[in-house]
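Listed below are the structures to be examined.
Both complexes shown next keep subunit A, but they swap its partner, so subunit B is in the first and subunit C is in the second.
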Partner chain A sequence: MLEIEEVSIHFGNNPEVVSDATFTVNGGDRLAVIGETGSGKSVLLLAVLGLLPASARITGSIQLNGRELLGCRERELNQIRGKEIAYIPQGSGNGLNPLYTVGHQLCETIQKHRHCTRKEALLQAAALLESFGLEHGESLCRSYPFQLSGGMRQRVLIAMGIAAGAELVLADEPTKGLDRRRITLVEDAFHRLGERTLLCVTHDLRFAKDISSRVIVMYASQQIECGDSRSFFEEPLHPYSRAMLAALPEHGLHATMGFAPPRRDKDARRACRVYERCPWRSERCRKAPPLLAVGERKVRCWKYAD
Partner chain B sequence: MLIEVQGMSKRYRPRGPLVVEEISFAIDQGETLAIFGDSGSGKSTIGQILAGIYPATAGEIRLDGQKISYPLRGHARRQIQILFQHPEVAFNPRLRLIDSMREPYRLFRLPYTRQGLCDYLERYGIYEEHLERFPAELSGGELQRLALARAMLIEPSFLVLDEPTSMLDVISQAQIIHLLREIQQERQMGYLFISHDRVLCERFCTSICLLKGGRLEDPWRKSDA
Partner chain C sequence: MHKKLNGRVLAGLVILSVVLLVAMLAPVLAPHDPYELGIPYLRPSAEHPLGTNDIGQDILSELIYGTRISLLIGTVSALTVTVVGTALGILSGYLSGWVDRVIMQMTNVAMALPSLPLTIILVAFLDASVWNIILAICITAWTSTARIIRSRVQQLKCLPFVQIERTMGASGAYIMLRHILPNLGEIVFVRAVLSVGSAMLTEASLSFLGLGVIGQKSWGGILHYAFFRNGIINGAYWWYVPPILCISVSVLGFMLLSYYGDGSAHGRDRKEKGNA
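What follows is the complex of A and B.
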């Protein structure tokens, strides 16, 4: 469904924020892209949506059902966004306009992509909200965003994202800033997406484990590991992935990775990007490793080269 | 007892509802009390009253047995510090971080040298190069470590930790918790840890209280389990 090939993104003359991203999202896949803040996850999502600022230079190819998205005109992209690709922004509520009711905002999306009256759109909006576990859809349509809790707002955003019937759903940190109870509600809403294809960016590992079938780990703008979700969470391969799982409270809050250096000099830029922080580093790691195949999975670490 | 809170209540408007009601707890040196609950249950209000950001409507707070009142002054102001959920708002966005870090030296008349500050920040994983940047140029984890370093500069005995890791990735979270544990062991500090993550509270704290609808349930001690 979505093919991303050797996509690199730069802003001005700064180092790349996404470097050679290559992966495919097949129909029905539920792919979680995980990694720390600033690893390039969200920028990659914006690139798929064609929403990067003019200062961004992007190379490579992004194809949706065989159609190249890079270089598409704004008018074509407007037809694709919403109708073919849904976007769910972060859950802090910034994705909703505070001056309009939830119903108004949902109807706007529905009427933009489907020919129907306002009344029909409102009925569809209420039904859609109820399908995501929000009770009393009609009265909820009359509410303003400030009258809803964080978890409700996030579920409204999910409903709004798919209101136009898109099959590919992109979600950007949908659980950020929510408490555990509300995250559970959002997880439930994601399970209700059914057969839709999902590409979700998150740094919440528990959430990623719950909703995904495949995982990509990004670090310092590079993909460092990809594979199916179950084997990743049972036995991560890359030392950074291992450190992430060991740092989870339920696994003992172990801080096994050192602090990131403030800047990388020329020699360091030629090395593996995790070099300074890696507990396994060796002389070989002074050269950047390629993405190596380990069975069905891929990992960017020299340890798996032999 | 390092901190004792007795019958603390808070309403934000004169006839408004009580946000927290009859809260009582005590934290000794070397102890970490977790207040755990959903968003909107009043957790941050308790932390901000203790840190002297708001006055309580009723009740009293004692530090080392001495009653303290709003606004915090002198000894109490120095002994109680707070770490916020959003580290980016804890620093002035228009100041380079070196200037923000100089503020506690000026306010509390500490002897300042640039080299001394850089040496001090080493254990927090912050380097001289970071200090020349603006807050927006650092990651959330780096900024939160810097915020912790700034709070610790004046050697407080009690820290309010208001969801200090909820916006961070898991590795940054583990680094902050590791630093907090080390500091607590060295200086026998008391912590009030506010969080909505029960598993994290169980791992990090000596006792846990559930805050529900503004009321605090009895603390659950890890050592009793």
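What follows is the complex of A and C.
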């Protein structure tokens, strides 16, 4: 469905924020992109939507159902966004226009992409909200965003994202700023997405585990591991993934020290980018490892080269 | 009390209602025909509450009729300035790129021009009709509105809900009109109200310099005659003080009105103090 090939992104003359991202999202996949802040995952989502600022330079290819999205005109993109690609933003704060009711904003999207009357759109909006476990859809449609709680707003945003009926849903850290209980509600809403294809960026590992069927780990602008969700959470391959999972409370909160190398540090970026934090590092790690296939999975680590 | 109507706004509303009423009811309120000649330099009396000028015209009646021109020129110019400034501000703030550069260059040029001399030259070359004066006032006055709106739009543009509209396939024009413009409401209002004040002042200055609307009474025009026909030297205070007061008070009315929406925090503070 969505094919991303050797996509690199940098802003102005700065070093790349995404290097050579290559992966495919098949219809029905639920792909979670995991990575720490600044690893380039959100930028990748915006690139798919064609919403990066003008200073961004993108190379490579992003194809949606065989159609190249890079270099598309704004008008064509307006037809694709919403209708073919839905986007669910971070829930905190100003995701909804404070001046309009929830129903108004939902109807806007519905009416843009499906030709129907205001009344029909309102009914659809209310039904959509209820299908995401929000009770009293109709009265909710009449409320303003400030009258809603954070968890409710996030679910409204999910409903709004898919209101136009897109098959591919992109989500950008949908659990940011929510507490555990609200996250459960959002997880529930994601399960209600049904057969839709999901590409979700998150740094909430538990959330990723719950909703995804496949996982990609990004670190310092690179993909370092991808594979199916179950085997990834049972037995991560990359040392960074291992360390990351070991830091979960249920695995004993073994936090890893250190940070990703700074973008300007060219030497560090020529080596394996996890070098500083890796327990397995050896001399050959001075050279950047390629993305190696291990069975069905892929990992960027020399240890799996033999 | 409505949270956006604080004391200052109410005072402004009262002043402006009075000014508006006077302008509308001028023929009823004026004790004399402002053009009628009579005995010159009369001091204030029951017959002429504010005395007469050098050709015996009743000053109170002149002031009452002058309200019309000041208010008309003030509001029409402000409306034009606000519409133009807001439109350019939204376009340049939202579209950025070359549109922004072109509009900002225009704005910078218009800002760098000394506005009063330019206006004077324009008025001198055009006929001194109401519309030409409005045009001359507007030609440089839209700049600050455009700059202020532009920077607010740049802020709004980055808010998630605008980004989300884009992810749902909304076009730029739709976002600008339906999502950005409504969120600018209060700024546009405040800018419009302040523009009325400054347009009235410009009109008064022009009239004072003798470049006002010919053949119609205006506050600046009364001052012009008071100055150039020796009313000030002769100490005819009843001639030059009232128009100054009229200008100041009505401009003050608009300034006070611009506090609309500003007092909610202030009002809350007071309430909290009251409860404590």
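Miscellaneous remarks
One rule holds for everything that comes next: the second predicted complex is superposed on the first by the 295 of 306 C-alpha atoms of A that agree within 3 Å, B and C clash if a C-alpha of one lies under 4 Å from a C-alpha of the other, contacts with A are read in each partner's own complex, and residues count from 1 in each chain.
Simple rule for what comes next: contacts are C-beta pairs under 8 Å (C-beta built on N, C-alpha and C of every residue); 3 or more make two chains touch, one makes a residue touch a chain.
Model, not experiment: these values are computed from the prediction.
Contacts of A:73 after superposition on the shared chain: neither subunit B nor subunit C is touched. In the superposition on chain A, contact of A:115 is made with neither subunit B nor subunit C. In the superposition on chain A, A:36 makes contact with subunit B only, not with subunit C. After overlaying the two complexes on the shared chain, residue contacts for A:263 are found with subunit B alone; subunit C is out of touch. Applying the stated contact rule after C-alpha superposition, one finds that A:247 touches subunit B and leaves subunit C untouched.
When the shared chain is aligned, subunit B comes close enough to touch A:150, but subunit C does not. On subunit A, the surface touched by subunit B in one complex and the surface touched by subunit C in the other have no residue in common.
By the touch rule above, subunit A contacts subunit C in their complex via residues 49, 51, 54, 74-75, 77-83, 85-87, 89-90, 93-99, 108-109, 112-113, 157, 160-161, 163-164.
Remark: subunit A residues 35-38, 149-150, 176-182, 203, 205, 243-244, 246-250, 252-255, 257-263 touch subunit B in the complex. On the subunit C side of its complex with subunit A, the touching residues are 96-97, 159-161, 163-172, 178-179, 182-183. Against subunit A, in their complex, subunit B makes its touches with residues 38-40, 125, 127, 129-130, 139-142, 145, 166-175, 177-178, 196-200, 202-204.
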